[in-house]
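You will see two complexes here that share chain A, one where it goes with chain B and one where it goes with chain C.
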Partner chain A sequence: MRGHALALVVFGAAALTPLVLHDGFFLDSLILILMWGAVSGAWNVAGGYAGQVSLGHSAFFGIGAYSAALMATRWNASPWLGMLVGAVVATGAGLIIGYLANRLKGPYFALATIAFSQVLLIVASRWRAFTAGSEGVPVPFRPGLWTLGFASKVSWVYLVLGLALAVYAVQVYLERSRVGYQLAGVREDEDAAQALGIPSRRLKVVAVAASAALTSGCGTLWAQYVGFVDPFYVFSVDLSIRFALNTIIGGIGTAMGPFVGSILITSLETFLRATFSDVRGGLVGIYLIIYGCLLILVVRFIPRGLVGWFGERFRAMGLHARA
Partner chain B sequence: MLELDAVTKRFGGLTAVGKVSLRASPGEILGIIGPNGAGKTTLFNVISGFYPPDEGRVLLDGRDVSHVPAHRICALGLCRTFQLVKPFGNLSAEDNVMIGALTRLTSVAAARNEARRVIALCRLEAFAGAPARSLPIGLRKRLEVARALATKPRLLLLDEVMAGLNATELGEMVTLLRRLHGEGLGLIIIEHIMAAMMRLAQRIVVLHHGEKIAEGTPEAITRDPRVVDAYLGEEFVLADA
Partner chain C sequence: MSAVPQLLVSTVLLGGIYALIAVGLTLIFGIMRVVNFAHGEFLMLGMYLAFWAFTLWHIDPYFILVVAVPLFFAVGLGVYALVMRGVIHASHNVQIFTTVGLSTALQNLALVFWTGDFRFVRPWHSGVVLRIGGGAFNLSQVVAFAVAVLFTLSLFAFMKWTHAGRVMRATAQDGEAATLVGINTDRVYRLAFAIGIACVGVAGVLISPLYSVYPTAGLQFVLLAYVVVVLGGLGDMVGALLGSLIVAAVEVIGSYLFGSAWKEVIYFVLFIAVLVLRPAGLFGQRGAEALGV
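And then the complex of A and B:
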């Protein structure tokens, strides 16, 4: 279990919580923490491990949400099927975005991804005949695993926990496998990677496409849980920034970073919203200001995020203990 | 075996490399010298697949590789280092070398072993766990060589790996390169340190304004008046005499 201690604590605590706490508000927070952690982990595959920082990942999230919701409402199809179709469509979109990553660097790539998500927003909110336009799509509730309808939040906790573990496993694979090391090389210095025989362009495209497919899968589950797909939410820049923010604060390029970031940001947001929602509207948006300050502090003082920072401290302590 | 057939590379109106032909036999040490801006590094970029030549051909074992991308050139057994070293800064020295080894090996464990072997060969054991960015320039140059070696090349292109080394480090690098040559590795070396070049190179090609102005044994090159004019200078000849 070397290196998995933090994961064991976090996911173990998540698995035990429903046995102790039955309060719907807490369980809902837990589900959202795991959900946003999982999407941020999916973002991390491209943004962290491959170094392709996207600010348009809501595009893939929305593709997953819409695929399942539309297939369920129009053809009565299972959301699992919708998830599969969404993942295929998102992979295709990811290949296009990944191709762009080979043309555009850094901020230009990030801008292109924002533009991509906004194009999808326009399509989804205007194409009334197909997507129901700006009204959004209510997801029909049909109880059962095949139709992904659970009245109990406890079932959702375990389902989303499974998703989180799957995303965690993908990230761990990227830390320890051949392709993961090669991606690290590409991220650190693309010229050197190419000189050492690494097909950097292909790897970047594959990483972005895999990240897109995972993000889309999360989008499907989210839509089934919330029960409604609003184009202005699922394709929003806010959402894309949330995925990046969780990961950067928790630790970019680390497997637990997105989850640690999500615990902090999601609970903070829930707390702040609950606290300031009564104050006649004036302070409702204050959580955004606090987000911004946190991001500045993290980037300035602990650029490797909480997991990276604590990891270094623990390693240093271990060395002292041995010495 | 590497062969260049009238290779030309232009940047806008500037001809960085003009109609350069040369060949390097298997296991040979070929030196490339010339003043700054002579086109040496551009020539390396063309050979290693980073720039396609505008004219002429690059042949590796008789096969035209002029338009083969860099990563495939490496797979064909030709690896290069960079004059401005490009370590994977946040990774450990060992991981740097291991990423090179993974080009030939699919198993991470096997690549890890191979990296340890190459690190020992290059005498970097004491720094294996250190992040590459923390190493001083001399060690970073050696890491650059180690990483390239881990890809198991038959021909290695070294772009000023001795610049900036102190006398001890320089001696170690020359010893290492001689040893690799003894094991059958071919080397093409760009270098300004003539003392090291004279000890290593079997043949030297001189570039000036992108063109090959001379080619021959180190002894012949240092007596060639065109080379003295363009690059070495009278002082070198006098000091040598």
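And then the complex of A and C:
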């Protein structure tokens, strides 16, 4: 269990919470924390482990959300099937954008991914015949596991917890497997990695595609939970930034970072939303001002994020204790 | 064919304004090697400055320019000292997320203070119609174009003929060599950032009578400016001018042929195509993108 202590605490607490707390507001916050943590973890696969920092990941999130919603409304298909289709489409999209933008570094890659998500936003909001256009798609609520409709939030907690664990497992795999080490090599020094015979271009494309598929899966679940797909939200640059923000504040390239970031950010958001909802709508924006500033401070002073920073401190303490 | 002169005039008018937005972005990139993801937010702040001056004191946006230039220059100096200075030698990721954080903070500052309502600036000149080349344009658009061109040309003249301009170009070419010959690069970066912000702030004031003002108003323009700047080659100022005309032409002709709904798809696809095929821009040096510069 070495190295999983933090995960055990966080996911254990999430699993136990519904047994003690039945308050709808808290359970809703918990679901959102796990959900945003999972998507950010999916972003981390490309942005953190492969160093392909995307600011257009909402494209894949939207693909997942739309696939399930459209298939359910049009053909009465199960959201699980929609999730599968979404993941396949997102993988394809990830392969294409990953391949096309493969040579691009830093800001160029970020710009290319932003443009990609904007294209999907325009298509989704204008192609009225297929996507219902800018009005968005309401997701039909049909109770049952096969149709992904649960009246109780407790079922949602465990479902999303499962998703979070799956994303966590993928990240841990990328930390400890051969592929993970190869990716780290490509991220740190691509020329050196290539000289050692690592197929760097192929690895980066595969990482982006895998990240896209996971992100799309999260998008499907999110749409089923919220019950509505709005193109201007699911394909927005803000959403892409949110995935990156959680991960960076928590710790980029660490398996628990995205979840720690999400705990901080999502809970402050829900708290402020609840506090200011009846005062003035705009005040909710306060949390984003805080995050904007937090992001600037974190990348400057603790670029490895909270998990990375505390991890270092603990390891340092451990060495002292042994010495 | 009767539409051709009208499309041409529209393209030039639009291109002139895009140029002023893009030239600041490309100046900052060319000299600091930082892509300013918060560029659009300064445009938005310029629009709000014009809006409040017009609404509260009935001052015409064009008189506000006199205040906007020094004000945004000062804002640029301040933001540089507080935020940008510390990350100028940091990695790409740190730089990207510093400006992304700045963008998020500024956008929501506007949202909290001024709400998300769409606001309008309608001075008398936005109602005056001029006929040029068979098309109708309002006076605000024509003046915005003229002033934008004036500012852009002054910036070119400044870069070409003044000592400060030469120093900036030298730093852009080789920062280390510039330091060796005694150039204080920190001051150069500060000046470049302040000028870039002043340009985009002025552009915001200029376009305020033409578009609605809201907290995320900067986004659509800055996305456009990225397209312009990448087309022209990041850091290439003349390229930015040509890029502005290309994007304006795509926008004008695209909305003429396919309707305004789909024009954005055209330039984003163009954008991705340029990034993929010639990431250094249509006129830039090959390989710049692989160096990450």
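Here is the rule we use: the second predicted complex is superposed on the first by the 314 of 323 C-alpha atoms of A that agree within 3 Å, B and C clash if a C-alpha of one lies under 4 Å from a C-alpha of the other, contacts with A are read in each partner's own complex, and residues count from 1 in each chain.
In this text, a contact is a pair of C-beta atoms (placed from the backbone, for glycine too) under 8 Å apart; a residue touches a chain by one contact, two chains touch by 3 or more.
Worth saying up front: this structure is predicted, and the values here are computed from it rather than measured.
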When the two structures are overlaid on chain A, which partner does A:Ala101 contact: first (chain B), second (chain C), both, or neither?
second
Touch check for A:Leu32: first (chain B), second (chain C), both, or neither?
neither
Check the residue A:Leu294 against both partner chains and state whether it touches chain B (first), chain C (second), both, or neither.
second
So in the superposed three-chain picture, is A:Val307 touching just chain B, just chain C, both, or none of them (first/second/both/neither)?
neither
Identify which of chain B and chain C touches the larger number of residues of chain A.
C
With both complexes superposed on chain A, which partner does A:Ala184 reach: first (chain B), second (chain C), both or neither?
first
Looking at A:Val170 after the superposition, I want to know if it touches chain B, chain C, both of them or none. Which is it: first, second, both, neither?
neither
Just chain B (first), just chain C (second), both, or neither: which does A:Ile122 touch?
second
Just chain B (first), just chain C (second), both, or neither: which does A:Val53 touch?
second
Interfacial residue positions of chain A with respect to chain C in the complex:
53, 55, 100-101, 103-108, 110-112, 114-116, 118-119, 122-123, 126, 237-238, 241, 244-245, 248, 252, 280-283, 285-286, 288-289, 291-296, 299-300, 303
Write out the stretch or stretches of chain A touching chain B in their complex.
176-178, 181-182, 184-185, 188-189, 191-200
Report the residues of chain B in contact with chain A in the complex, numbered from low to high.
48-50, 69-72, 74-75, 79-82, 86-91, 95, 98-100, 102-103, 106-108, 111, 147-148, 150-151
Parts of chain C lying in touch with chain A, wherever the complex brings them together:
35, 37, 83, 86-87, 90-98, 100-109, 111-116, 215, 219, 223, 226-227, 230, 261-262, 264-265, 268-269, 271-272, 275-276, 279, 289-292
